[in-house]
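By letter and in written order, the chains are A, B, C, D and E; residue numbering begins at 1 in each of them.
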Amino acid sequence: MSELPLEVLSIPAVAFPFEWPYVRSIIEVSLYVSTAAVLVSTLLSLPIALALGFTSFRGKGLLTSIITTGMGFPSVVVGLVVLFGVSNQGPLGSLELAFTPEAMILSQIVLAMPVITGVSLAAVSSVDDGVRDAAFAMGGTRLDVAIVTIREARYGIATAVLAGFGRAISEVGGVLIVGGNIVVSGESYTRTLTTAIQLEARQGRYETAMILGGVLVALVLLVNALVLRLGDGGGGRYR
Amino acid sequence: FASGDSGNDGAEIAGETLTLATTTSTDDTGLLAALNEPFEERFGVTVHTVAKGTGAALETARNGDADVVMVHARSLEDEFLEDGYGVNRRDLMFNDFVIVGESDDPAGIGGESEVEGALSTIAETESTFVSRGDNSGTHTKEQQLWADAGIDPAESGEWYVETGSGMGEALTRTNEMGGYTLADRGTYLSMKSEIDLKIHVQGPVGGGPESLMNPYGIVAVNPAVHENVAYDLAMAYIGFLTSLEGQEVIEGYTVSDEQLFFPEALAEEPNFEQYVPTAWRSSSDDSPSGSSNESTDQE
Amino acid sequence: MRVTDGAGSTEETDETGETDGSNATNEASETNATNAPRATIEARDVTHGYGRERVLEDVTLSVAPGEVVALIGPSGVGKTTLLRLLALFERPDDGTVRHGGEDVWANGNGERLDHRRRVGMVFQEPNLFGASVRQNVAYGLRVRQGWPERVRHSFASILGSASTSPAVAQALEAVGLESYADRDVDSLSGGEAQRVAFARALAYDPDVLVLDEPTSELDPRNTAILEDAVRTARANGIGVALATHDMHQARRVADRVGLLLDDGIVEIDETDTIFEDPSDDRTRQFIRGDLVY
Amino acid sequence: MSELPLEVLSIPAVAFPFEWPYVRSIIEVSLYVSTAAVLVSTLLSLPIALALGFTSFRGKGLLTSIITTGMGFPSVVVGLVVLFGVSNQGPLGSLELAFTPEAMILSQIVLAMPVITGVSLAAVSSVDDGVRDAAFAMGGTRLDVAIVTIREARYGIATAVLAGFGRAISEVGGVLIVGGNIVVSGESYTRTLTTAIQLEARQGRYETAMILGGVLVALVLLVNALVLRLGDGGGGRYR
Amino acid sequence: MRVTDGAGSTEETDETGETDGSNATNEASETNATNAPRATIEARDVTHGYGRERVLEDVTLSVAPGEVVALIGPSGVGKTTLLRLLALFERPDDGTVRHGGEDVWANGNGERLDHRRRVGMVFQEPNLFGASVRQNVAYGLRVRQGWPERVRHSFASILGSASTSPAVAQALEAVGLESYADRDVDSLSGGEAQRVAFARALAYDPDVLVLDEPTSELDPRNTAILEDAVRTARANGIGVALATHDMHQARRVADRVGLLLDDGIVEIDETDTIFEDPSDDRTRQFIRGDLVY
């Protein structure tokens, strides 16, 4: 006779149990961490994808499947490895990064990079050689050709970035381990939407967990709509 | 011992599965595995232990997805019983809470005999204090202790860190960040070898104040509310845990030669601790017994 | 590491910086580049192949300013390969490619880029960039500018305040698409797209245009427009190298015609001579429509 | 002063602290749950991908971006929703699925399906129309054309299945909530590698967590190698 | 929902089951299907277009057994469209397509599938399946079999114990690739791939072969081999409809030639008549190599 399930699946009659500054700070941390991680990952991934997409060498297949495997890398393990790296005893120990948003960014970079690299590799590889040749023929330098390739693949690259963002913002195992789900003075320091949801779920407060889940999904949808709108305006090219 | 209506015939429950909802701190110590093995052997049954936060464990039971709950948050247990979801609560065992911190005790709370003093010192020196921040039994106890000391830590600065996590995680984070935390002795002992934290304020087990007492109870889910629950089996389980044999297992369970829990179910004057709503006290039998189902007639 | 496609296969690894340098042309000078003397491009005794397979051996072909040279021959003999050498896409395995008499591949990357930017190339497929017609046609001019200006132009085109530069307008006029500047390339028909591709190569007023079967997928109307555009370019002193599988097209537009077979250029001469009085037997057969090999 | 990091990052000197039957049962549960979920997801996803790839209708773009969004669906939220569904009070309550491997499979299907659908959609769409036309021209029925399309896209579909498998087997939030991380008599009932790792990490036993993490990564690599080998044997076609 | 490509654009939603039924040919009968009387295929007064654009209007073309009909004309006039109608890929907007006198689109899906399976089509691109040459050539036979046999064959080919059926061997011989059965198609040259594509359509011995510019990307050697294969097919009583941009090819292989322009089929007659004494002025111009529109 618990009144939760059906109530929640319809519109929750529960009063919103959080202070707005608390929720806002959680959303901010989530967005800050995921966005920063995705930006850095994209900057690192695009050159790799371009290099992999248009050169061939021994072991390229292996490298590609390592990237594919990386897409399924367990976030808990990534979190542990990053925590070792930034903990007192680790190689980055002197930076005092354990349980900071920056450590979370590090862990999410590791998680998002294979996704972004893998998906943009596919996007970039499918750019017609003819268009690259055309850019070169018009007097473009190698850099110009790369820029044209990225522009042509922009829809696919946007998808890659979104997939990376989705992986980052929806991930809980890694950020929990390296960030620690910390709240200070009623505002989030390293608590993200996912760790907050997990905390609510642990306490059996399923309604509030679902409300936060709704916020998270809405956020992901919003970012998707935004990025797709930016990346759009020319899905296919005349062939 | 009590095993419900059909407890005489073991064959009726053989092969069944009991779902136990409990807290992570109970499960992480390894005690449950030690308890479940002889029970499963004796009755030919299987125990599924689902370890969650205190709130989630009770919620699982409220939904009828568990047959029996073992937690250590008396007020929440009472609410659970009061709402009619549980019957036949028994005291099971206890240990205590301790305040642990970096071994060199930078704030110097080791000298304080009272909890209030130790907490005040932490607040004054603004030493890092890691709070579970998850409304668990431990967290509730901690908040109560702060209130007793007249401090509102959540409002008083960055030294008070809510980590929203289980006991084990809180301990590892305290270990990494430095500072203090309130821990239950069982989890602390079972993790002692992994971390570099020492007890600075003892609970009653170590001669400390009674306010750090940490009692565990076990409750069967009310079969009148959820008819699918394995009530007979749940009662058999409660019966076994509170039997001589079960209590001996608790008594004898050690980690690194230290006893984690102290049996409480058997005493010369047993206190069954069945919760009975005060409004009922006049109209119902004054001595509810563990093997009676009469109290399930409520609602 | 082996680079697999043409665009990256040169060794010009270091050429990304020098666009801002001596070679940067500003908008004002775009249109009067015609005044500069145009130079001949020439492949001299080139040998080239892919992997171990040799496609061309000791082939020589030169295109002077204001001259249209057509290359005819069956599929797979290396017409495209020769044109790519002329357009400085690839370095010949042997022999030289000369622009204005200079051996282009003897130079450094920066200088080769300068030479390369005097050549325009149009492929069988339009290969347009997914953008507006204006952006496509202006692309050659853009990459010749310094970065600050390029960024400025990008913003202008995002904000919709882009204006059509005289050179772009002129190039679009040459292919009869004056009013198409703001169209997205996705909305063009195949013929229109190919005409934009031609305008794109015309816009930066190259010394020589290299055309690889530019009309083989076009209907007669669009073919006629493109052939007219070739004649106009020729009148403006631009040299044109044209590969075509349609010998009638060669006859219509070329000053000289060369027949390329597996053995190399079998015969190259004035158009009339090739079609009316060829000296080689195989030329005669090919012109007659026989399968020659 | 935890002494963990360096020790583990080099070769762990720790004796393997688990009984083999325990570890084996965890691996078995992980594989059973993820494989079953991926199989069902693939069977459901392929027809959707084929239908989406070769028809056009109003709202197709929207549907596609919903699928993309689904790739980043937070597993904790999915876990909660599935738990509501299978709990005693939920619509599937009578099946008594709460805290069973089957409930975990359900939750992982929800997680893996968008990934598999999305990636195979891309793979299937990139199959040349000419090859489909050829199958039709040779007297193929619609079903034959679909089979040819799948065969041509097999490399991409293998990648899709792997991505789905990676998401399923590396996911911790969902399986923890719906499965309950249960061990019976020293053998796993609903404990997966990820929930086991999380359990170890929670108790600060980072070495053993890392060992299990290594097992998990090795497993993912193995499955990747296997599937890629099967899906291979003709990466590209002569165009 | 609108289906966007040809393969799915028919309404044959229910045709998946009946392969096991009356139409199933077994391996033994594969090779002697030649004995069955062959039927003429004919597009009668067909009108067809895409969207609102009309490509063909009131066009009639028939191909009798053992006859090669070539369709020439500039790009974009609708040669491919007409061939796709003949191959029963699409239903004409107006008019009928008849096979053996029967209006194919008046029939149900199952019967239409039977008609469709008497037609073979080869495209400009080989469009081979990523598998072995044998599997490609056997594909048409496979889809005509019942499922149990298809599964058995799949296993056989996975286990490497696949044998080349006589029909497949014969088809490969016709294009000179007898020894290629076990090769993967990825290892073929463009010409070889196109020859396999031809063998694939030949293997199930259709009444009529529809060829859409099958040699336009081939070198003369491969072109000659394919033209020979067309002649052999003709000798075996197969009717051939061939679109080509190369009028010399039409002259070499066709019995009749039709010139398709925007207005429809301008003239269709015996090959010699078309090339030596055409009755239409535009035919004369086209044959001369002018751009006609």
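Assume contacts are C-beta pairs under 8 Å (C-beta built on N, C-alpha and C of every residue); 3 or more make two chains touch, one makes a residue touch a chain.
In this text the structure is predicted, and so the values were computed from the model without any measurement.
Colleague: What is the minimum number of touch steps required to go from chain B to chain D?
Modeller: Minimal hop count between chain B and chain D: 1.
Colleague: Taking each chain's centre as the mean of its C-alpha atoms, which one ends up farthest from the centre of chain D?
Modeller: C
Colleague: Counting C-beta pairs in contact, pick out the pair of chains that comes out on top.
Modeller: Among the chain pairs, A-D has the highest number of C-beta contacts.
Colleague: How big is the gap, in whole Å, between where the Cα atoms of chain D centre and where those of chain E centre?
Modeller: It comes to 44 Å between the two C-alpha centres.
Colleague: Take the average of all CA coordinates in chain B, do the same for chain C, and state the distance between these two points in whole angstrom.
Modeller: About 82 Å, centre to centre.
Colleague: Using mean CA coordinates as chain centres, what's the gap between chain C and chain D in Å?
Modeller: 50
Colleague: Using the average of all C-alpha atoms in each chain as its centre, how far is it in Å between chain A and chain B?
Modeller: Whole-Å distance between the two chain centres: 38.
Colleague: Could you pull out the residues of chain A that touch at least 2 other chains?
Modeller: Answer for chain A, listing residues that touch two or more other chains: 1-2, 4-5, 87-88, 201, 206.
Colleague: I need the residues of chain B touching at least two other chains; which ones are they?
Modeller: If we look for residues of chain B contacting two or more partner chains, we find 52, 63, 165-166, 169, 176.
Colleague: Could you list the positions in chain C whose residues touch two or more of the other chains?
Modeller: Chain C, residues with two or more chain partners: 190.
Colleague: Please give all chain pairs that are in touch with each other.
Modeller: A-B, A-C, A-D, B-D, C-E, D-E
Colleague: State the interface residues of chain A toward chain D in the complex, per the touch definition above.
Modeller: 1-2, 4-6, 8-9, 65, 68-69, 71-77, 79-81, 83-85, 87-90, 122, 126, 159, 162-163, 165-167, 169-170, 172-173, 177, 193-194, 197-198, 201, 206, 209-210, 213, 216-217, 220-221, 224-225, 228
Colleague: Within their complex, state which residues of chain C touch chain A.
Modeller: Residues 1-8, 12-13, 15-16, 19, 87, 89, 113, 116-117, 119-121, 123, 125-131, 139-140, 143-144, 184-186, 188, 190, 193, 197, 200-201, 204.
Colleague: Mind pulling up the chain D residues that touch chain B in the complex?
Modeller: 1-2, 4, 87-89, 96, 98-99, 180-186, 189-190, 199, 201-206
Colleague: Using the touch definition up top, name the residues of chain D that touch chain E in the complex.
Modeller: For chain D paired with chain E, touching residues are 54-57, 128-145, 148, 151-152, 234, 236-239.
Colleague: Which positions of chain B touch chain A when the two form their complex?
Modeller: Where chain B meets chain A, its residues are 52-60, 62-63, 85, 133-136, 154-155, 157-158, 160-166, 169, 173, 176-177, 225.
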